[in-house]
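Report on one structure; see the data block that follows.
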Amino acid sequence: MGVEVPKIDFKKIDGSSPGYYAICAIWLIICLIGVYAYIQQWIHGEQLTGLNNQVPWGFGIAAVCYYIGASAGSLIVSALSGLFEKEEFKIFSRSAAFFAAAMIVAAMGAIFTDIGNPENSVNFLIHFNPTSIFSWNAFLYSSYFVVCCVYLLAQFEEKKFLTRCIAVFAVAWAILVHSGTGGIIGFIYSNDFYHSSLTVPLFIISAVASGLGLLIPTYILTFKWTKREYDPDLLWTLTKIMGAMVILLIYCFIVEGFEKGYMPASHEAFLRMITSPETPVVYVYWFGQLGLMFLALAIMLSPFRRKDWAMFTAGILVAIAVFCERYVLIVPGLSYPYEIFPGYEVVKPFHIVPYYPSWTEWAIVLALLAGAYLAYCIGIKIFALLPEKAVKIEEVKEK
Amino acid sequence: MSEVPEKLEIKQRFPLWKKWLKPITEKDYKPGFYSYFALPKQVNSDFFKMPFGDVVREPLEKDWKLPENWKEIVLKEMKDTMRKNRGFKLFMDICVRCGACADKCHYYLGTGDPKNMPVLRAETVRTVYRYHFTPFGKIFGEWAGARPLTEDVIKEWYYYLYQCSLCRRCSLFCPYGIDTAEVVWWMRRVLSRIGINQRFMCISIEASSRTGNHLGLYAGGMAGSIEQALEELKDITGFELHTYINKKGADALFVAPSADYFATPHWYVLLGYLLLFNELEEKYGITITWSTYASEGGNFGTFHSYEAAQLLNSKIYKEAERLGVKFIIGGECGHMWRDKHQFINTMNNPPKHEEWRRFWEDPDLGQISAGLKGINLGEFISGEHGWIHILELVAALIEHKKIEIDKSRNDHWRATYHDPCNVARGMGMFEEPRYVLRNVMNHFYEMPEHTIKEKTYCCAAGGGMLADELMELRMRGVMPRMMALRYVVKKFGVNIMLTPCAIDKAQFPHAVEYWKIPVEIGGPMEMVGNALVLTAFGEKPEDRKYDLRGTPIREE
Amino acid sequence: MYHKPYVILGILAFLALLAMPYWVTAGNIKYEDIHKELAKPKGVNCVENVKWMAANHMELLNKWREMAVRQGIRITHTETGTYNVSLTECWKCHDYNHFCKKCHEFMDVRPVCWECHYNPGMPFKTVHFK
Amino acid sequence: MTFMYIFYVLPYVAFAIFVVGTIYRILEWAKCAVPLKIPTTAGQQPAFKFVRRTWIDKIDSPSNKFWAFVRMLFEVFLFRSLFRNTKYYVEKAGKNADTRWLWLFAILFHYSLLIIVIRHLRFFTNPTPKFVSLLEYLDGVVGVAIVPPLLMSSVIALVALAFLWGRRIFLAKERCISLPSDHLILGFMAVILVSGMLMRYIVKIDLSYVKMFALSIITFHPPSPDVLNHLHWLFLIHFTFVCITIAYLPFSKVMHFAGVWFSPTRNMPNDNRMRRHVNPWDPNPEVPILARTGIVIDGMVFKTKKLDWDTYYEMYKDQLDEIAEKNYTLKPEL
Amino acid sequence: MISRRKFLVLVTASAATIATGKALSFGEKRTESELSKYKWAMVIDVDKCTKCVLDIMKKEGIDDIEKVRPPCIKACDLANNVPQSDKYYYSFIRFYMVKETEDAKPLVFPVMCQECEHPACVEVCLTKASYKREDGIIVIDLHRCIGCRYCMIACPYNARRFLWEPPEEHLKVVNPEAPIRKHGVVMKCEFCDWKIDKERSEGKEPKPVCVEVCPHKALVFGNLKDPNSEVSKIIKTSKVLTLRAYLGTNPKVKYKLWGD
């Protein structure tokens, strides 16, 4: 019955300082603004969004993809220790898993707030449609949440073998879930911009990138503000993984860009998208997506790369860039009208419909992010999620 | 080498209600788990007389020599207790048996005996209550969970009511605040009415009511003991220190548990008190006196009954009045502070003498010495109570920079802190001792969160369970605390557990030996004494070579 | 008795809580024999027997919904006759305001039908296509 | 069918038993004295100003009546103590972890019951107040796709009930501490919940008669035989069990809803050192009871000799005089 | 020991969940029905449409083809309770003017739901709210629609409309036979299924409203399974155009281009 002293000790944060309450209050206020926006949308319909019959998906769905990505990304970080036996990453395993669970809830919230008739949403459980990727996803998301919770429980109960098994399963599940999300977009054959098998792996890569992009700054701030000792080397390893993912992402963009630009059906539209300022997509593409990624890469390669602030900025930049990427993935394909009449040169009406997210969409999407962070803030207070010390484990001296 | 005592095996058993309704008898008594009965010299003495205390009883004998009409007495007393104590009556009625308390009791965890779950411990009483005091119980009998009062029930009560240390941990988790300790305490009182008393606590109660303290120490002995302490301090510090005893006109009366006068590791705490008092007197002119009449802070009566508790704590306010002190300082003790915090001013009339009244009109220590201005006891104490814990005082002195501390003198100690259950759940003093310890030493580590502060585990020797015949029970009950301790010992290399409780200090040295944990036991005041620089005597921080245990502070 | 004011306050709060139906309506509860107050329907027969309809009309409408939307059956035959599978069929015999709505309001039932479908209580002009 | 009028009389009888019984129990508790101020302190006590007390400390260790009231509210409405729950793993060498399942399901159960009760006001009021309709709408909003809307409160109540009963059946420790009465009340709840849900979703009954019956009860207006004859058997089962449960409440452990307010470890502030608590049956304890009146059993008095200073001085005169000789000052003798 | 029991409970619970899900989703029974005798289709004479629309544009002086409201659109809007809003284009039929080159003669295509044989929208619908009836009409079951708009993304013809605004604010006259709908659901042309179903069971020749009101008889509606119906004959005899045929959706709305 001897006490086994675990090498890493997880501990709740004290969470009674005014700063803690202030942060929670900020998140809460953002959430409340989002709730207000949603109530307005509930009453007045989705006319409050910037969407229309040609661009029926926009910010909300971009947020869905993004949050699921962030969730899958952080779950993979969480499973690093269990999956690859990287014991030094065990310090992140609990909080990252919790973050993953919070993010998947945010993602489901994003779907819920985006759909027009949420009162009917139980229907996707009752009337499951096996041919719809989205329908599968509805199951995958909810089951993914359950997997996250079970994984967390297994970690809390410190069942080593079980944790290991669930970690493997959870990562597989995360990849499956995220492939499913990629499939939602990638399998739409009627839209030349969407139809691409590359979307699926691209989604997974950007998932890991965005998950890390959010986690690294979160950890830096958490450890700083809870006055926890932490080892920048560990975060640097995470940053390196993120950098690799960013390079892969850029590579994928280039490949996909060539493909879209090469196809006669889409090359005109593609060129117009990346050059003409008719819609905001061009800025989002050059500055938001590519610009920020290169900037982040530059920071990650610069001599200050091991500094906290450098990793912090790089993380934030990647997080934003990945969101821009999701936006570019969804919106331009709809902004440019389909070619319904192949063989005819002139088609009227030919509208390029620019899409600007409205304040309600911003409010709701930010509120969901704030909600996830609020859950994280409360989570680290009521559950033992964070390590006492975020350093590489060394043997405790026996005295 | 095994880390676990070999004979310890915790077998959890879960009989169904019909089975546990049948009371156990003396044949089921296990050695190490039942206490001896009080002897006539304890409960039939001049100074402590209990009903039917003149009979010698033996727990393992079939005939307990109860008075003829014991049944009527018990039922009448139960009824009377309900009228006298709302808690008791309420706790009989509203338990829903949700089980939240079950695995909170250290005795249950250590023994696995189902009736040691707080819910069933109280249920042994409730079943009888239902049979004799509720309509459903009488009609439906055991189907309503009711059973008549029989002699076997009395035996079961004696067995299980005296396996509770009154630590109130179950009360913390109960959604209705049911305090099993309260049930147990008042039921022990009922049992005492038919002559059933536990020997260990009655020895102390009788001694205290006759001599002023539990150990039966006479005035001269106590004075001699303190003198010896002063001698030892002279060896350690090189200064000729002094202290007052029974001195009229002193500013404050100091009351400590009597074990501090010569038991170890209590002794080092006593040295700590003396160092602090001398520094305060030299620097600020505040005089603190001991008393031989009120020489006991602890109160074993609080384990026995309201009346016994009152009998023992009635002396202190009287002594404060006689000596004319302005306020009272209490030493390091657990149940003493339950008594001093929650009971003493209800059970007694507070002092009304002039000095007391004048001080409490504006209870700032600046009244006594200008140098201490700013430490205002009125922030949480009034003249209707007048007690301050020594660690609260030290915390205030440190906060206001009134004493000088050299933390490095405690560098050879890596300490953890055990919250005594009564201080934690009967008083709520959590931060002051931690504040003090963080300020007097560099290496202070907390035990796991679930075992500290309000959730602290009992040492399993409180509530009269410190008796030697209960050693098996004690060593089992202390298991949760020892596990937590072993954890910090392994993790942080802790080598001393500090606890401001005399019973803890008596129990833990046995417990750590039994559980094979290489750790010392001490009190926070010992660390204060180590770190305190006697600036008023001209001491420099580096002057002290030995700590209060006589071991060299710095390795040469 | 100890702590008299608190105990009395507590008992009063307890009684007040039990009297909730009275004070939430400001004492305004009227007994109503709803069956006498409903407008008499024009026809003799309903789709099914009347007693069954009183308890199960929502089930019938659910069934009709599935029939019309998912199976394309717009005309149905029952023991009592032939009926269009449509909400408009009800208005042929029943007055909306004094029958359907009245009883629904009495029962505090909020049918979801009217979120998407027309009923004669709505302030719209109607047009009919043959 | 005059015997059907039994069902009209039943609720009045049940309610009378409930009200009278509850008040009787409350008064019984109120008649008991509170000898000591014994709050269970679960937070930092009131202390010197520099000792930080968070708002949670203020609730768990209230320093005055206001905070004690707040503590009571937290206890009653948020199940504060149950939220603290932990589980001890004997086999895992003293591992101890938060387990809040009991809290979760208990709070779900109680609140969904509350919502269910409020929702039933639609039968007892005419016209129905807005908030009742709104509550029902919100309760059923997730289930619009199902007609009638699936009310979350009843599903949650059923799930929570299954948990609460399941733990009494399947977990050894809880099975051990459960008495038949614990199962009985859960059984009542199960019958009521299941029959209610059956009526709503499966066996459709003509509710207009039910509402007329309910109105006749609340307006003391005897129902016509027509109404009584139209009552469905399933409704009568539901109704009878509700009445039985209501009548049983004052005799059962369910009285905890009133008792918890009396709990001396929760409803008292931790201000022992600020305000003196007077024991009503020992208001002026100048002399301890044992020395004053002693214990009286069957006319036998067991009185103790009091050790006051004078007695003490007499007993240990020589030793005390020796101390006095030293001018009450102790010094090292060397 | 407890953990193993917990594990077992977990496994059983998840198995039960999956089984229930399966039972719920695959348990729908299919029975042979009246509808399987039909396969509704429509042939549109583009020349007639072009003439009609261009005439109206000229007569009323409208430049923008989106603002043209010939009788078919008017009747359709009225019959199907389509709200009239300035902000969004809700009408089920949308006219496209296409030219082979800039100076070629324009053609006007009315595009509504093409009632695909292999509909993308039905494939992607989460809840089977959009589904293909046995007679080939793609119907949206508003009682199930959750308004996710995935079908609009998948539709190759941009034929679906989402109700962005509460419809009752933009309706003056209501057809009680058709639903008013509420905001947050998707709608589209369903060949006036409420009308044709009734007419079919009454033994009449069913016709959607637009077909009925077209003054030029440009729209022909009929049963493809009936070899003698007008649509079958036209498709057999003349060359018809199928929009985006390469996608393999195989629409049942055909465009007749080269008039006889």
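Residue numbering begins at 1 within each chain, and the chains themselves are lettered A, B, C, D and E in the order written.
Note that a contact is a pair of C-beta atoms (placed from the backbone, for glycine too) under 8 Å apart; a residue touches a chain by one contact, two chains touch by 3 or more.
Note that the coordinates shown come from a computational prediction; the quantities given were computed from them, not determined experimentally.
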item: Contact-graph distance - origin subunit B, target subunit C; value: 2
item: Centroid-based (C-alpha) most distant chain relative to subunit A; value: B
item: Pair of chains with maximal C-beta contact number; value: B-D
item: Chain centroid nearest the full-protein CA centroid; value: D
item: Subunit B and subunit D: spacing of chain centres that average the CA atoms, whole Å; value: 30
item: Centre-of-Cα separation between subunit B and subunit A, whole angstrom; value: 55
item: Cα-centroid distance, subunit B relative to subunit E, in whole angstrom; value: 82
item: Gap in Å, rounded to a whole number, between the CA centres of subunit E and subunit D; value: 60
item: Touching two or more other chains - residue numbers and ranges from subunit E; value: 143-144, 182, 185
item: Residues of subunit A touching at least two other chains; value: 1-3, 120-121, 123, 126, 157
item: Multi-partner residues of subunit C (each touching 2 or more other chains); value: 2
item: Residue ranges of subunit B in contact with subunit A within the complex; value: 3-4, 8, 414, 449, 483, 486-487, 489-493, 495
item: Subunit B partner contacts - residues on subunit D that touch it in the complex; value: 25, 28-29, 31-38, 40-52, 60-61, 63, 75, 79, 81-82, 84-88, 90, 93-94, 96-97, 102, 106, 167, 172-182, 251, 253, 255-256, 259-260, 262-266, 270, 272-279, 281-282, 284-291, 294-295, 297-298, 300, 302-305, 307-309, 312, 316, 318-320, 322-324, 326, 328-334
item: Residues of subunit C defined as touching subunit E within the complex; value: 65, 68-75, 84, 86-88, 115-118, 122, 124-129
item: Complex interface listing, subunit E residues touching subunit A; value: 3, 10, 21, 24-25, 64-66, 87-90, 96-102, 107, 109, 111, 120, 122-129, 143-150, 152-158, 160-166, 182-186, 243-244, 246-247, 249
item: Contact set on subunit A toward subunit B in their complex; value: 1-3, 5, 9, 11-12, 384, 396-399
